[in-house]
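Questions regarding the structure given below will be posed in turn.
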Amino acid sequence: MTASVNGERLGNGTPLLVVRDLVVHHGQLRALDAISLQVFPGEVYAIIGANGAGKSTLLRTIAGLHQPTEGSVLLDGRDVTLLRPERRARQGIVMVPEGRRLFGSLSVEENLQVGATYARPGGSWTIDAVYGMFDWMRERRNQRTAQLSGGEQQAVAIGRALVANPRVLLLDELSLGLAPVVVQRIYGMLPQILATGLTVLLVEQDVSQALRVASHIHCLLEGRTTLETRPADVTAEQVEAAYFGLAGAASAGQPGEGSDSLWPG
Amino acid sequence: MAWVNAIIQGVLTGGLYALFACGLSLMFGVMKVVNLAHGDLAVVAGYIAIGIITVTHVPALWSLLIVVPVMAVLGYALQRTLIQSALDRGVLTTLIVTLGLSMVIENGLLQFFTANTRGICAGCALVQDSFSIGSQIQVAWLLVVIFAVAVVVLLGLQYFLSMSKYGRLIRAVADDKEAAQLAGADYRHVFGIAAALALATVALGGVGYGMYSTLDPTAGTDTILLFAFAAVVIGGLGSLWGTLLGGIVLGVAQQIGAQINISDELLAGFIVFLAVLVVRPQGLTSRRAQS
Amino acid sequence: MSLVTEASTQPAAAFRVTRSRRNVAWTGIAALIVVVVFALAPFEVYSGTTAILVQAFIVLTLASMWNLLAGYAGLVSVGQQGFVGLGAYFVLILGLHGLSPFDALPVAAIGCGVAALPLWWLVSRLRSGYFAIATWVLAATIMLFIERFSSIGGGSGMPLPGFTGYSSTLLTAYTYWAGLAVTVLALVAIYLLLRSKLGLVLTAIRDDEVAARSSGARVGLARMLVFVVAGVGCGAAGAVLAISQLQVQPSADFSVTWTAEMAFATIIGGLGTIEGPIIGTVVYMVLQQTLASYNAWYLIILGLVAILIALFARRGLWGLVDERLNLRLFPVGYWLRTANADRRRGWRRA
């Protein structure tokens, strides 16, 4: 059961990114089951859910690293479902992958240069602008990224995505492996990023963090949507219920009894 | 004095081996491809050169102007079609496909050119002449030239990889091809570029080998491939200059072997190769343990 | 011996696990008949034909060994020609010390198995690409080492001693039977190996090495055993080669073409099945015989076919058959029969 909200979305008009009835398999496992969502320009759209719920799979499929079995992904009305990831990146869907995935043997600046190689023309995010946003980066730009701390690597990874001049920035588990202070600082950059006209679609393990930054949240459980709403319109209990799949907000179950979709961890 | 001559010759042949090895190192390092047809492709380049020289009568080295670009294009094509399909299917398939390619090339050459050995420009001054250092040391001009070419090629490759857009892309794709995709790079195209480079260098090696020694259809697997791998492994995968170091070590080991016993030249080289594989497979220049 | 029990003698179970669908005894008898038919060949056909069959036996043995290495143990060796040559030279050396070539054959095979141990120690820690190259270098090194000794023929080889006293027909027959024996023994050994616990470990490695290791399987030991067995098999084939050629010749006996032939025959026939190398050898022999007058063509076509099969029909020709008919001539897997399913649809392969 979803508590969806129509009409009153942040950016109004047509959605920038549309996912329609997406079905994704990992071998024989149905990892995503008819997922649909819409992201409007200027939004911060957060996908939450426990491990194994399918969040990263969803993001990776939107980025093109995974081919769906059914369903489609549309960018600005154009069907990009069959496009290879590099083509999608050039169209404007750029992902900051889970675990940063920087080019370890390249320097900070070289990482950014690679990110800028196939940038969409006309954006305001140049390498210089990235240095502007992260004050420590310019001095250490010739350092190999393998020598940076986790938070610094995350900054470079975001910078690498930004210089590609994306329209939709996909952030996969930014907080993974980082100290809370660092995570706060990184998420603190979001307004600056949004101000340049980007739209953000993120996956986040940490629900409270997601609720703090998102304008819209989408909760997944075992590949299915359990909640889709604005943070302001929903209570913590409802989110918790959707996250864990407890009765009351999720699929049918006896009140008071956990549904059989309770999973370990 | 014979020893000094031998060592000098060994060092200089290291240049030739580096030419064979740097392409292999590129393909192995970037695409993780063990190209068993690498040596045969060098031989193909040599035969193309022979063909051009026979037909057009240009001076031998001028044939390089055609051979190198042709081999580069061939490298790109092979990579985008055959090798990429094999890579998508796994390590075993890649070995089988490159082994198959090797067999097809060798037997194709055998069929059309017979097993006769051929040399390139055997009568040329470049190939015949040598100069003296002092009264006892003779150095072949050809070896010096080949060594110089190898150094220039390595410098060029180093510059290309560290400074140019495609060089960065090649290094990035070698690190993490999926992340490169996310940054907008088509890694298959980048692989193609790397393969084109690899085959361009191997073309130089093949022609050089045709001048220094002789070419025959089986030279690719009899000697060249193993020399190339020896230089890569001894020098250390992932290091371009390591291929020169590895080539030099191989060359010197071979010459020392030849000094001890004239027929032990190849054996000495392979024993050193095996020793490095067993004791220090990451090679001489690598700082980390076997990856 | 069939392991399928009749439902009426046992309480009904939800699943039944057996080694084969049908009564294996019939297949065993059929196999025995085939072997007997082959054994009678020297009495029925010309020596030209038996010579061809001996070649086929050599390739089949080699292909089966390569299949064991690559298809089951995950060891892609490009250097098995080293054992082929070693087997040939063992026969020579033993012959120079008075042993008849046919008596020398088993000793040569075992000698190769023993030699495999230090060789394994040299290469065992290397991963796929490095392993392949290392085996090739090893083979080349062994050849160069052997070529140093003129007492065993140096670089040009020498004829095998010990053939005096054999009439030409007898020699042909004995050579043929030696080849047949080696092949049959090799296939039986592989069959038994794969049915055993070791076989279980190997199939686990073939399917998922990390999972196999983490479930306690002694992967390293299994691989070493396979390497040694392959050494014995290839050595035996090499011994037969020397006997059939009446000489040793380093460039031929240690040629990397042997690896290409055994690898291609396996891939074309189907990697990871016992039947595959048999099919592949048949294809190889057909190609070789039809194109014999065109020298290198059969190797060119063999290479092309191998490339095509590796890319587009990964399970080889036998794999194509297997998928349609669910057929296994050598029952080494397990069959799962569900209780209430009909005879044809109730089986699921493990």
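Letters A, B and C mark the chains as written, and numbering starts fresh at 1 in each.
Criterion: a residue touches a chain if its C-beta (ideal position, glycine included) is under 8 Å from a C-beta of that chain, and two chains touch if they have at least 3 such contacts.
Everything quoted here is computed from the prediction, not taken from an experiment.
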## Note on the structure
A student comparing B-C to A-B should find more C-beta pairs in contact for B-C
### Message
Of all the chains shown, whose C-alpha centre falls nearest the centre of every protein C-alpha atom combined?
### Response
B
### Query
Which integer distance in Å separates the CA centroid of chain A from that of chain C?
53
## Note on the structure
Distance between the CA centroids of chain B and chain C (whole Å) is 34
### Message
Using Cα averages as centroids, what's the distance between chain A and chain B in whole Å?
### Response
45
### Summary
Among chain B residues, those touching two or more other chains are none
### Message
Going by the contact rule set out above, which residues of chain C touch chain B in the complex?
### Response
70, 76, 78, 122-123, 125-126, 128-130, 132-134, 136-138, 140-141, 144-145, 147-148, 155, 256-257, 259-260, 263-264, 267, 271, 294-297, 299-300, 302-304, 306-307, 310-311, 314
### Summary
As the complex stands, chain B meets chain C at residues 28, 32, 34, 36, 82, 85-86, 89, 91-93, 95-97, 99-104, 107-108, 110-111, 221, 226, 229-230, 233, 261, 263-264, 266-267, 270-271, 273-274, 277-278, 281, 290
### Task
Note which residues of chain A are touching chain B in the complex, please.
63-65, 84-86, 89-90, 94-95, 97, 101-106, 110-111, 113-115, 117-119, 160-161, 164
### Query
For chain B, which residues are in contact with chain A within the complex?
165, 168-169, 171-172, 174-176, 178-187
